[in-house]
Structures are given as C-alpha cells and as structure tokens.
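Here's the structure we're looking at; comments come further down.
Residue numbering begins at 1 within each chain, and the chains themselves are lettered A, B and C in the order written.
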Amino acid sequence: MYKKCFIAGLPSAGKTTFLAALWNLINHDSDAKLKLNKIENGQYLASLSNKWANMEPLERTVPSGEQANISIKLELPNKTTFDLQLPDLSGETFQSQYEMREISEEVMKYIEDANAVLFFINVNSIKLLGLISEQTLLRSSTPTTNNDIVNRNPKEDDPIQIQVIELLQFILFIRKNKMLKIGFMFSAWDLIKSNLNDIKPEQFLEKQMNMLWQFCQSNDDIIKYQTWGISAQGCSFNEKDLLLDKEYPYERIFVEGNGGYQGCDLTLPLYLLMGDMK
Amino acid sequence: MENNNTEAKVPTLEVEQSSDIDKLINDDIETSDSDVIVEEDGRSGFVKLPHGLALTVAETYPITASEVSKTIILIGPFDSGKTTIETTIYQLFQRKPFAGLYFAGSQSLFGYEERSFYTRLESKKETATTPRTSRFADEIFLHLKLYDNTTKTKTNYLFGDISGEEIYSHLGNVETICEKMPYLKSVDSYVFILDGKQLADKNKSNGAIDQAYNMARTIFDAKLYSSSTRVQVLISKYDILKKNDDANLEATIDKRLQCIVDLLKKYVSEVTVHKVAAMPELGDFEVGYGLEELLSTWNKAHSDNQVVESYTIDCKLNSEFNKLIYKM
Amino acid sequence: MRKQFAELYLRVCAEPKPEQLEKRWQGIEEYCNQDEVDIYNLVKMAYSLSPTDEFKDEFTTIFQNIDISFQVGFVIEQELLASICLMKLMEDSDLSLHIALAVMCVSKYGAEILVPELGAAAYNIFGEASAEIREKSVKYKKCSPVDSNEFIESLEELTALEETHIAELSNTLMEIAKNINIIVQNQDQTLNIINILQEDSDILSWITGNWSNEMEKPLTKGILPKDIALLLAKELADFVQVIPGPYAFEAFLKKMLDSCKKDTKAYSLVTMVDSIDDAHKSSILSCYQMDGSKQENTPILFSMKCALDAKQPEVWKSMASNKLSISVESTEHEALEWAKLLYFECLLVKSGGCE
C-alpha cells in the first residue's frame, strides 16, 4: 500500500528539519504512532538526522539538492505496513511557483496523486499588515525621496498568508478541486509558546493568518485541515546545550495539536491526515 | 482557481521598474491597446499556472458560467479612488471577516498585491497611494470570492473600473459605448464615484457633480443595464470633505446628489448613497470607513419587486365573475 | 425570443462570440423541438433544485454535440439555458399553461434565479389563460339543413343504384357527418360552459356558505389563518373543472381567510405543514400527489408527505430540505401566499393528470 504526502512551504519553513527529526523519531521511539518497519534507501534522511541529532544547522534545501523520491516503509499500530512517499523540495521551488506562475510536471503529478499535504509555515515569517493610513505620526522633517521608496518584490513583500493561499489555490487547481487534506505545521512553535503560552495552533491560525483561516473555513467542502504547532529543533541554536543534555534527541521535539495533544510524536499529524489505512 | 486559466502572461509592471515618484502618482491613465501580449515561452517540462492578475472579460466566463457572480463597475474621474476602494476591501479581509463575509479565494491575488503595496509601510511611503498600473486594455476585472456565513453561499465578485473620461468620450454617442463595452449590459452594480477632494473645493464641486450626472446619463441612455442592476452613488475621500467642516457645503452636495439619485431611479429601483474613506489621510476616520455598508449593499439579495410576478392582466374585464378579483 | 436570448446570455458570458451564441441557440431549439420535453426537470434546473443526473446528462449532451467546448461544470450557464428553454416552450407550445404552473409552484422559495423574467412570464400566461375562460364568447356553429325528402322518395322506387344516385347519396352522408361533427363540437363547448358555470356556482356557494368542507365547520374569528389556509386552497382547487381555474382565485381565498382571525404574520413552510393534522394531510394527498421524482416540483405537497412518512416532527424537515434543495424553515410567507402556492400545486397535479 502506498501513501503520498506532499510537503510544501516557503524557504526556512522547517520542512527539512521536520524530516530529519521524523527519521530520528521513527528509528528510536517505541511510543510513536507510526514506526519504521524497514530501512530502505535511507541515506539522505539518515544524514539529515545525524546533523539534527547533533544540533548542527541544516543547510537550506536548494533546488538542485531536492529529493523528490523519499520513501519510508512504516508500520501502523495494528501492524499493517505501508510505504510513505514524501519529497523534500526546496522552498525556492514554491516561491518560484508564486512569482513565476509555473510548476514542473513532476511536482504537478505528485500534487495530483497526494493523499495529504503538510504545509509548513515558520511563525517568525508572519508579519501583521501595516497600512500607511493607520500611522498618524508618519511625516518626517525631511520628505521622502524617490530613492527611499522601495519597489515591490513579491516573494519578500507579499504577506506570507497571501503566498500560502495562492499556493493552496494552485494545489486545488491542479487537483481539480478534489478533496484536499492538509496539515498546517507552524514551525518554531517554541517561540510562540514562550510568549503566548495558552494559544492553540488553530487559534494562532485564526489570529495571525486570518485570511487563510477564512479561506479554509469557506472552502470546507474541498479542504479538510488540521493545525499543528511543532518545534522539531526544540529551541534556537543559542540554547542548544540544554537540549543536548536530553537522553534521547527526539525528546527535544515538541508537537502540539488542536485536540489538546502535547508531546513529541511527529508521526501523529501524518497518521491523522493519511486517513483510512485499510 | 477552479477553472483552467493558464494563459501565459507575465506583464511587466512599469511602476515597479521605476522609483520615479512622479511616475508613480501620475494622473494620466496608461493603457496599452496593443494586441501583443508579452508571452514567455513555457519552459520544457513546466506547466503554466493561473496568472493571478486582473482578468479579461473573456476570462470571466468560466467564473460567471459556473458559479453565482456579481459584476461591480466603479466609474469615476482620474484619481477619484476607484482602485483604492477595490484594494482596501481586499486588504481588510486580510485581518478579519468583513461585512459578515469570509474570503473564499481570488484569481487575482497577484493583481491585488501589485495595487496594494504602496499603501503599506513596507513601501516606505509617507502617504498611501494606489499606483497607476500599466495594464493591457482588456485586463479589467479583479476577482474576489466571498462566503456568506449566514446563507452558506459563495459569490464571486468581479470588480472593474472605468474612468469617467472614458465614458465622457462617448457622450452623445451611445452606439460607440455599446460597441466598446458591451459587457456593461450584464453589470450587477454601478458605482458612480464623486471625488471628495474635489467636492470639498468650491471651485470644483459643481463640475464634479455635473460630471457624475452626465456619466450616469450616458450609461443609462445607452441601455447598458438590466432589470436587476443596482446603483450606488459614492463620495470617496470623505475624510477630506469632512475636514472642510462646512455644514452648508455638505447639505448642498447632498441636495445635488439627490438629483442624480432621482435620475437613476427612473431606470432602476435600487439606488443608494454612500460616503467612503477607504485610505483616509487623517486620524479621525478608520481605514475602510463606509466600505462595510457598501459591501453589504452589493451582497444583499435582490428584492422581489425587481421583476414583478403578477398575474393580473391589463385589458378590460367583461365577465362579472372575473370582476370579483377587485370587487371582493 | 432569439433577440431576448442574446440579451439574457450576457448574464453568464459578458462578451460571447457570435458563433457561441449561435451554437447555444441551436441547442435550445433542438431541445425544444423534441417530441417529449421534461418540464419538471427543466424547472428544477432553472431554479437550482437538483434535477436528476439522467436529465442533466441528456440536457448537456445536446449542447456538447453542437459545441465540443461546452462545459458540464458550467452549471449557472445550464440554469440559464433551462430557463430560456422554458420561456421558449411557453411562447410557442401547447404546454405553456402546464409550464407556467410548474414554474409558479417553485418560484417563491427565495432562489435568486438568473432569469426572473421566467417567473413573470409564467404568471402572465396563467393570468391571461384564467381570465380568457370567462371573457371569450362562445361561437356555436349552425348545422346546415339537409333537404333530402325528395331524394329518399326517389330511392324507394329504385331497383338499381346508378352513378348519380351514388354521388348524391355520398353528398348527403357527408352533410350528415358534418352536422354530427358540429353537434359534437357544440356539445363539447356546451359541456365546457356547463363545467365553467358549475365551477362558478360551486365557488360562489362555497364563499357564501363561509364553511370549510375539510374541517366541516364554519369559518370564525377563532380560527387562525395558518391552520386553515392550506385546507381552503385544496377546497378551492377541488372546484376547478376547467384549468387554470378562476381568474379571481386569490380574491376568493382572501375572502375566506378574512372570515378567520386577522393575521399578517409570516410563517415558514414547516409551521404551515405542522399546523394541519395527519388526517387532513392524508385527505389532501389522496387527491393531489405527483408521481415519482415529480413530487419534488410540488414543495408543499411533498413536505406533507414527508411529514406523514416521518412520524417524528423533527425528522421530516431535513428530509424535505435535502430532497427539495430549499430551506423549509427559512422561507416565510403570509398564510394567503401559502394558500396560493398550494392552489397552484393542486392545479399542476390536475393538469398533469390530464396530459
């Protein structure tokens, strides 16, 4: 049985870190919902996982370094096994889709066949909309010169939620509005928890990316979504000594689901999204 | 995004190539009547995605033919705030649902972002402006799909804007406007915009009102409306008008606006007046002032009496039994 | 209709190419020229009321065969085309009254139809047809006298028939046959007049008596209009012998309801249906019920059936809403308006049975 999970997200959204942490978890944690059944062609993931375990910064995945055919054989709680395919694509690939409005046939095929999508969003990248008209003390003593005014750079200046919505629209367009199961994975969740301790991922989506939340609510006939806060790293690299002391690296992981789950099982979003495993 | 819209089109936004402030806020409308569309050859192994810009009339067909749609046309002089109104509505949805509606998608997100950028802090401008975009003559409509949480229905809004000068050029020659813009016959709402900045100036106020009157007259004499068309008469930049603090001026304007309303009511049954400050300069008005009411007007279901369902006939009745219809 | 079609088509395509318009019109003509048209599913399609899949396939195939680019997913366009087909059929076919009734039964449930002119046209046809019954004067044809005594006498003396006799015999027989036809036509017209007069008499007696036949009691100020409106509609429909019934039907219903307690409140379909007991529901349905999926074209009758079948009050609402694709709880009208709608439904059943 094959299941395909499409992993999407803009640069630095945490896609590769997730894969590294996931590999480590399924290799070692007997309490994870999904367990590794057999290691096949695991070099790429193993290499990532090693770096992750040592809290070394993972290099950004560049388009030339994409891994489109990662496959892991996993085991369910009822001992059924299945092959999970999930590509590790570069964030630049998604940025390019947004800006250049084109997609490779290979990625397009993957999206068409995907059983679910994990969409990674780095909470640090979310900025609230700031309108000039709402700034009352804007006028400076010297008028702004033409050189000060910035030209729009879509991938940097367009709000993250707009880019995410557009990418979602592309996915729905490619799938001809076939039902989409999607997990919004808010990475660097440790930063949120340290500031806003009680906020749940769903509340975060509604509060910080309200237009995206509206989009999902309005299209519940074709989008079934879940929200997860994850910290695959555990904290910033400045505080790594604390985490290196943990007995097992996977104990650094923090996952929070909307249903109240808090733990380190990174396989849980995959398990819940993949649906019926019969 | 449900329908195939993979026209290869990557138009260059002139203003984005230049940081010349004069060009940014140039009142002269720039349109290209050229039939040549800048087409990028599709790269081998790649498929084009929807362009995300403003839609042509032809590109609206897959939307209007498959889902409930409303076409809103904003008509007003140069720099009266047409695009600002369109983009402010879009931007307000980025924060929360608006007028009881939820954002449900858009085929023009890229187009909206182009137009909205210079109203944001990131642009480092001191005043919000909506730049004149160099557009192909037929890329007219910004698309917004909205979900009504009460009625559980989705509606596609297609916002187009036409300059008053363009309408004015057809004054007294209704055939040409019908030829050039036949799509106006299926419009759901016309929004005639009067520039609040001009209204606040006694030297320009009468001219502004007359222009709006003539624009409306031209459209309706050309029969570019249907039984279900609605009209909104809108004062933009209301914050500037209000700053004037002249109660007499505003009362005079209201009175003269009533003439426009009376004219329009000869043609359509639903005419409303709105005062809007989409991106106000001053602190007393919040961003989007008046837009919620405007959007609610567009979203309202048509009242039953737009087309009257009546079985009473006009001719004289002879049968006493039939005459009981009005005797009883 | 062709010119109106071009104007109406702008509502789904702001700038259609001439060939596209031509192909769509061809499709409309092809559908309307068929020997059998499915009025009920056409109405459902026009009012977004879930026509059957078979009908949708059949309808879209006609247009696809003419224009390969015609999209099955363009449902709004199909609604418009269905509306135009109905308007065309109402204009130039014998089915105009039947279509008008079918449209009137579903046009008041809040659907924002793309072509509201369809409802207006239906009401117009209904009004003209119902007024015309009593406005047009009846012309009786006169039989021509056949003077054949001499001829008959001459036949008695014949021993053999000659050609001239055969010719004259043939003419006489033809005259007799013609006169018999005239008599039959006159008889039909007389019967029609008798039916109309019977209808007038029954209705006037009903109104004068101020009595509900269904409830078997007089109408008083103690009765709420919502409790009796649907029953009165059924009673009035019972009197109708010549479709589409009396022109002043609304005045008659109003006259009867005015004998009850004054009430201008708006009620939902749920309230109206739940206001009458099961015995009366059964009585109505025993006289007026469509077959099969056509039941969904008569929302009030269908709701009554669901209410009877469901046994539990709460269950029938969702059953009816799902099948009808209208909200039985949110559409509200005054009692008189509901009575009119049920009256139309009863007439539709009556006229459908006459096909």
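Convention: a residue touches a chain if its C-beta (ideal position, glycine included) is under 8 Å from a C-beta of that chain, and two chains touch if they have at least 3 such contacts.
The structure presented is a predicted model; accordingly, all values stated were derived computationally and were not measured.
Remark: the per-chain Cα centre closest to the mean position of all protein Cα atoms belongs to B. Chain centres here are C-alpha means, and the one lying farthest from subunit A is C.
In whole angstrom, the spacing between the mean C-alpha positions of subunit B and subunit C is 42. The distance from the centre of subunit A to the centre of subunit B, with each centre set as the mean of the Cα atoms, comes to 38 Å. Mean C-alpha position of subunit A lies 60 Å from that of subunit C. Contacts with at least two other chains are made by residues 2 of subunit B. For subunit B in complex with subunit A, the residues that touch the partner chain are 1-2, 10, 16-17, 19-21, 24, 42-43, 45-52, 91, 93-97, 102-106, 109-110, 113-114, 117-128, 145-147, 154, 279-281, 283, 287.
Residues 97, 100-106, 108, 129-136, 138-140, 143-144, 146-152, 154, 157-159, 161-162, 165-166, 169-170, 172-173, 176-177, 210-211, 214-215, 217-219 of subunit A touch subunit B in their complex.
Considering their complex, residues 2-3, 57-58, 60-62, 64-69, 71, 182-183, 185-186, 226-228, 301-302, 306-313, 317-319, 321-328 of subunit B touch subunit C.
Taken in their complex, subunit C has these residues touching subunit B: 7, 10-15, 71, 73-77, 107, 110, 112, 116-117, 119-120, 122-124, 126-128, 130-131, 134-135, 200, 246-248, 250-252, 254-255.
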